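Note that the chains are named A, B and C in the order they appear, and that numbering of residues resets to 1 at the start of each chain.
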Amino acid sequence: MATFWTKEVPATILVAALLIWIMPMIVGTFTLTVLVIYGMLGFSLGLIWGFGGILCFGQAAFFGLGAYTYAIAAINIGDSTIPMLLAILVPAAFAALLGAMMFYGRLTDVYLGVITLVVTLILFKFISSTAGPEYVIGKARLGGFNGIPGFQTLNVPGRPNDYIYGDPYFYFCAILLIIVYLLVSWLLKSSFGRVAIGIRENEVRVALMGYDVSARKTVLFSIGAAIAGLAGALFANWGEIVTPNLFSLGQSAEIIIWCIVGGLGTRIGPIVGAAGLAYLKFLLGQQSMIDNTLLTGIILVLFVLFLPKGLVPAIGSLWKVSFGRRRRFPRHGVRRLRGRSVGHG
Amino acid sequence: MDLVFVIIVEMLYAVASLVLISAGLAIVFGMMKVINLAHGEFMMMGGYVTITAVTLGANIFLAMLVIAPVVVGLIGLVVERLVIRHLYGRLVDTMLATWGLSLFFIGLVTMIFGNTTTGISTPISGFTVGNYQVNGYNFFIILVAIVLLGLMFAVLKGTRLGLIARGAMQLPDMAAALGYSPERIYMATFFCGSALSGLAGAILAPLVGLVPTSGGAYIAKAFITVIAGGPSLIAGLMASSGLFGFISQIFTFAVSPVMGEVALLVAAVVLLRLLPQGVTGKFFKGRV
Amino acid sequence: MACVAFAAGVSGMAETVLETAGLTMRFGGVVASDNVDFKLKAGELRCLIGPNGAGKSTFFKCITGLLTPTSGQVFMRGYETTGWNPHQVAGLGVGIKTQVPNLMDGLDVFENIWMAARRFLSMPDAMRKASEVIERLALGPIARTELGRLAHGERQRVELGLVVAADPWLVLLDEPAAGMSADDVERMSTIIREMTRTAAVVIVEHDMQFIRSIASTVTVFHQGAVLMEDHVDRVMADPTVRNVYLGKKA
């Protein structure tokens, strides 16, 4: 724990500061902002899947829920501060309910996948069908497939006319990502985080030690949803519109792909995977030779077949092999995480 | 009276289409414990094959009942050889890989056919009952679903192949121990499952405007129908299709089609929470 | 009400720490555990034996909460624990080792044992406790090795370490000596004898050699029910037991 504050925190901040300084010289801040937001979204799934062993096919549901919560609250309230907080709390509360339902029912693996996927679909279908004028929350019309445009975007707290946009908005998002990253790092070092990793490794054993596995999984799931919700609110501010596509299965698939490509069981992997693939998609979007979806699909298949651990752990072991320093990397390496099913009594 | 008739037909149609949509996935999941998330895209391709064959001059029934299943079955075979067989026993990995395949096929079809809606007209005309218009094609779908279930039952119960298949379903090692190559069984199963997906997509194609992303509409329904059905193939398929079809139609009539879909999904979540082993995990144990 | 029923079972002498009344478990038409009445006093060491399919493991799983019995009751130190989850049972201070090795393969030995201790102790105390247990079980050289890389005997020992680290007053072990070498079994007996100083111990076991080496009272299961209960030597001499357990010949 001591080295965390004296070494890891300063090192993280230093590296992040360098990146925040250098990256805008290479890529425009408008694009960079969305890469940072996707990084946070990937990170949220990376936390619950890579460290808690919870495979959620519906992380997009929390992302969308955060974005919609923000938009609706911002229209009704005007100032962006409370909407931002609500965008974190509402998905977290929703995930706590959903998680409690699933984890106390001892659902695992494929059933977890079905339910999270179905819940995402329900939200998608419901929100898409709210075009009529009867679907109003306060002053905000849900707008069906067209979504909600024209809400109050981020402002300096208490001063609704001082908008934060452009370059400052990029720095705002980047700093939030660093804060979230450090908070999660701290969480993983704490007893709660270690037990969560224990649950990922062997749920039955942890229960037999006397830990309430269902409660702990529910809490972790809810934390992941809170982070996804925050990312959703940031995305809403960036795009200045929210649409049902945020809830789509395609969005969920992408989050999963980011995690696999980046590397599960590492903190940095899903962030790198998200930002990298989103940027690749952005570059590919500028050509029309090969279909974008086709490439995404190929990437996912190839990674599952040939590099199931993902890029970051692979580069890590390559580094270890070539430079031979006896550093344990990654700290919480995932082995046989996916594809293993823990039986229940 | 007329309304009752129409509602009954609509309900049977809803159940039958769920059976069709889920059959291919159910076989692959039941026999191989592989969740094929590209199932929806297999159906979408079945639709495209039918439309292409019809525009090239083939008889529509030939295209739907023969050409589409065979072509999609062969695509399935290639997929099994190239991807799936490396991932047996890894449930989550196969789900992820087939999700990748689904994206791949969406992209591929988009490149070939473009991102526009295509379709063909239904080969059977509708008729009126009292004040209501009934789609004659619905009866065809109901018929196909019944024949399909009958055929599956006959094959599983009545033939040597079915016996081996059921054995492999219960105990994968046992089939191997008896001298049947599980690899062959899996290949054959995946071919059959894919062919059935192609058939379903082909038969449903005249009812929908086909776009490369059409598969997404099917996969979730098929997925939950199969999982909710539980371990028994045919009994599970019938039970969960019946239940979900019934619920969705009630809400469709009472509220709106969208609410019908939402009700189906909510019912699935509730059902899985109450019976995590599926309907046949609790009832009808040991049936096929 | 549960407590009253339980209190009736205590007869002034050593406290009864584990009791089952009419415990029955059915799987479909099969009765795997048939109306079992069982009592264990504080500090006692008891082995459950019986041929394959006699219902020992089912009984064990019903006590630990891995299965919920069809009917009957389980009491532990004054609580009725029938139908509790494993984590609630373990939370009472019951140490459990299942038949299949159940460990966190991606974590090292220290982390595994630390986690067991942390459930009942503060962070620094858990660290101290984990080091102490590692020393006691001579796991020092492999303390930083991932569980996935250990040999079977070492894994069994680590699993006992998990049990010990929680300072249980009741220990339930399902086949702790399965698949171990003679040396490992020897070491295992020593550890178990040490446990009995602070805890009552129930062991499900096949290995008669091992049972004799820890010499205890034995409960024989047959067809889901308790056949007899006595000292290991007398049990082994009993013709009925020899019949059902040791040989097919009469």
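Going forward, a residue touches a chain if its C-beta (ideal position, glycine included) is under 8 Å from a C-beta of that chain, and two chains touch if they have at least 3 such contacts.
Since this is a predicted model, take the numbers as computed values, not measurements.
Relative to the centroid of every protein C-alpha atom shown, the closest chain centre, again from C-alpha atoms, is found for A.
Taking A-C and A-B together, the pair of chains sharing more C-beta contacts is A-B. On a Cα centroid basis, the chain most remote from chain A in this structure is C. Once the centre of each chain is set as its mean CA position, chain B and chain C turn out to be 48 Å apart.
Each chain gets one centre point, the mean of its Cα atoms, and the points for chain A and chain C are 42 Å apart. With centres taken as mean Cα positions, chain B sits 32 Å from chain A. Considering their complex, residues 191, 194-195, 197-198, 200-202, 204-213, 332-337, 345 of chain A touch chain C. The part of chain C that touches chain A in the complex is made up of residues 61, 64, 66-67, 85-87, 90-91, 96, 98, 102-107, 111-112, 114-116, 118-120, 123, 148, 162, 166. For chain A in complex with chain B, the touching residues are 55, 101-102, 105-107, 109-111, 113-115, 117-119, 121-122, 125-126, 128-129, 249-250, 253, 256-257, 260, 290-301, 304-305, 308, 338-339, 341. On the chain B side of its complex with chain A, the touching residues are 35, 83, 86-87, 89-93, 95-97, 99-108, 110-111, 216, 220, 223-224, 227, 256, 258, 261-262, 265-266, 268-269, 272-273, 276.
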